[in-house]
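By letter and in written order, the chains are A, B, C and D; residue numbering begins at 1 in each of them.
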Amino acid sequence: MFAIAITLLAIEITVPIVDSTRGSDLADALLHQWPSYVAYAVTFFIVGAYWINHHRMFFLLRGVDHTFLILNILCLMAIAIIPFPNAVVAEYLTDPALRGVAAALYGLAMLMLAIMFNVVWWYADLRGLFRVDVDKAKVRKVLRTYLTGPVIYLIGLVISMWAPTVSLIIYFVVPFGYLFEGPVGEIDEGYIEMEG
Amino acid sequence: MFAIAITLLAIEITVPIVDSTRGSDLADALLHQWPSYVAYAVTFFIVGAYWINHHRMFFLLRGVDHTFLILNILCLMAIAIIPFPNAVVAEYLTDPALRGVAAALYGLAMLMLAIMFNVVWWYADLRGLFRVDVDKAKVRKVLRTYLTGPVIYLIGLVISMWAPTVSLIIYFVVPFGYLFEGPVGEIDEGYIEMEG
Amino acid sequence: MFAIAITLLAIEITVPIVDSTRGSDLADALLHQWPSYVAYAVTFFIVGAYWINHHRMFFLLRGVDHTFLILNILCLMAIAIIPFPNAVVAEYLTDPALRGVAAALYGLAMLMLAIMFNVVWWYADLRGLFRVDVDKAKVRKVLRTYLTGPVIYLIGLVISMWAPTVSLIIYFVVPFGYLFEGPVGEIDEGYIEMEG
Amino acid sequence: MFAIAITLLAIEITVPIVDSTRGSDLADALLHQWPSYVAYAVTFFIVGAYWINHHRMFFLLRGVDHTFLILNILCLMAIAIIPFPNAVVAEYLTDPALRGVAAALYGLAMLMLAIMFNVVWWYADLRGLFRVDVDKAKVRKVLRTYLTGPVIYLIGLVISMWAPTVSLIIYFVVPFGYLFEGPVGEIDEGYIEMEG
């Protein structure tokens, strides 16, 4: 599911059609699409990081109930829409007049995703869906770090209205936080055993 | 499979191309696409709910036979076509003259899906494909609730011919029924144990 | 993999754009696309039947070797291209002058798929990749029925050059053969036990 | 993931629209698209070969850590973008003036993929993520053969600037190397046991 949404991001990068006898014109047209490449890389990395975290948390569950499945569908709905705001940002990133609206849309989509991600995993905690051998205090510590997501994207969304460039930088810097393992590593001790 | 069809729903939401120096024009163009967002959310939720139910029922099977596999392919065929009627409704939802036909097409697609879903699971019951430890009376109770699907979509389809708005409201209200667990929860006792 | 190729078939069915105040014009435009619906249903069913057979055969393997994996990639290559000839047939089915070429392309794609499918499974047999408890005589019986595929599509391909309608009917009738289980059912005794 | 990227390659092959009463015009238009078919087949085979190797290496792991997962996301990012350079090569392969730039873009994308693939698996080796029963000397031998990938694509990339045809031939000949098993077969002894 995450894999499909993430792979569809590349579909939006189109082949530039140049009618020229000079190779430099095609090179220019390809370079001119740099916002598409940046948006692809950043969004791919953000969604990929959600994927890793979602997957690791799932391993800690003892089971799921109906409400969890419904909330998970809503979380997937927020994931699957991401190619749309990603394409809007890629289209209007270089337009000073319009990138504010594009940044706000992107921030709104990321905010919804961050909220749904939190709802799913806080619900799992509140309903006791984690395995009994999983340290409850450590799960809470992980869940509290997840709360930073909605806060950051809400700040970015508010800022986007008068300083779109700053908000875009915020969105694009967030992924670097994912380079560090965070508290989830304390629960599964840095290793996820292979399935099977 | 369900995941792929559901993710492809977002592809249909296109980036509006505005040639303007005012951000409000892009915002207007994005808001103007609201039927696409509504159709995405509603259809995603309906197909997601089918996914959950299909998955839970599969866990109750002891095995499958050739006819089950063929019927399942036909059910998947009805799932995979959904992005098409979804896109037609998104395109013509705001056009009073044309939304009746769009609503009828959507209702027809949903009716076929609901019928195939019933055919697959009633067949599984009639051929005794459920595990011996699964309570047959409870399975029947679940299957009877599934029968409401074709009935509702048939009513919606008939109504769409002279009151398209009413039929669309019917389709869009149906998903809220999925918020409640229904009798399938009585079989697997509200929890689906994790695989592996 | 099969699932992805099969789901992408629906992408090709586009929303007709009508500029009219009469619902009947949209209905006409939708009905006018009937070749797309027929092609979708037929191709989905054919690929779905390959999927079932591929899956059932895989269950009989004790392992795979490098050549098997390479051949399997070539078979998947033949599967993944199918949306293209399918779209060509949908586009030109109603054009008497051009449907011959479309039918030939479709037949060629199906012939390649049928050949690769046979190559994969005959190779598995020749290299002894099936489990020791699987009856070799019965596997051969299954493999011999698979040989009918390339023969039928080769006949269709030859006929398409002067009688495209007949060849299309041949392609479209073939799937009905899949409604019957065939000899593979004798090996796994009509039931595939659930995984896990 | 590999499967999705690989299947999306076929989407780029479009139906030629001919307005003619002669079948030979459609046949010509279809044949005229030969660069799309060649690019599809070559790229599919290259990515398919990466898929096989990635899968076989995964089977040798005892577990993964956070950095491995992050590197794997970056490797998947390099995989998922492949349909884009593939489409650029298909579009400009027959244009002598522009194919140099297209060949360079393709080489660059393949170089990034080859580098990320090496980074993922060398990291796994350095961090001791392989199972204890896996012969470390043989793993090193496999990893050293993987180093040829970046070298070949770097050579192709450099050559593409003044001899694009030669660089394209290099890219297109590389896949034939995958027909031979290579040292990974020495580790899992030519057979990958079925899962489950």
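Quick note on the criterion: a contact is a pair of C-beta atoms (placed from the backbone, for glycine too) under 8 Å apart; a residue touches a chain by one contact, two chains touch by 3 or more.
Note that the structure is predicted; figures quoted are calculated from it, not measured.
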Query raised in the report: Which neighbours does chain B have in common with chain C?
Result: none
Query - Intersection of the contact lists for chain A and chain D - result: none
Query raised in the report: Looking at chain A with chain B, do both copies bring the same residues to the contact (over half shared) or different ones?
Result: different
Query raised in the report: What rotation angle, rounded to the nearest 5 degrees, superposes the C-alpha atoms of chain C onto those of its identical copy chain D?
Result: 90
Report summary line: Cα centre of chain A to Cα centre of chain B, whole Å, reads 26
Report summary line: Note: chain C sits from chain A at a C-alpha centroid distance in Å of 37
Requested in this report: Scan chain D for residues touching two or more other chains and write them down.
Outcome: 4, 8, 11, 196
Query raised in the report: Pairwise, which chains touch?
Result: A-B, A-D, B-C, C-D
Query raised in the report: So in the complex, which bits of chain D are touching chain C?
Result: 3-4, 6-11, 13, 15, 17-18, 20-24, 26-27, 30, 40-41, 44-45, 48-49, 51-52, 178-179, 181, 185, 190-194, 196
Query raised in the report: chain A touches which residues of chain D in the complex?
Result: 1, 4-5, 8, 11, 58, 61-67, 69-70, 73-74, 76-77, 80-84, 87-88, 91-92, 97-98, 100-102, 105, 195-196
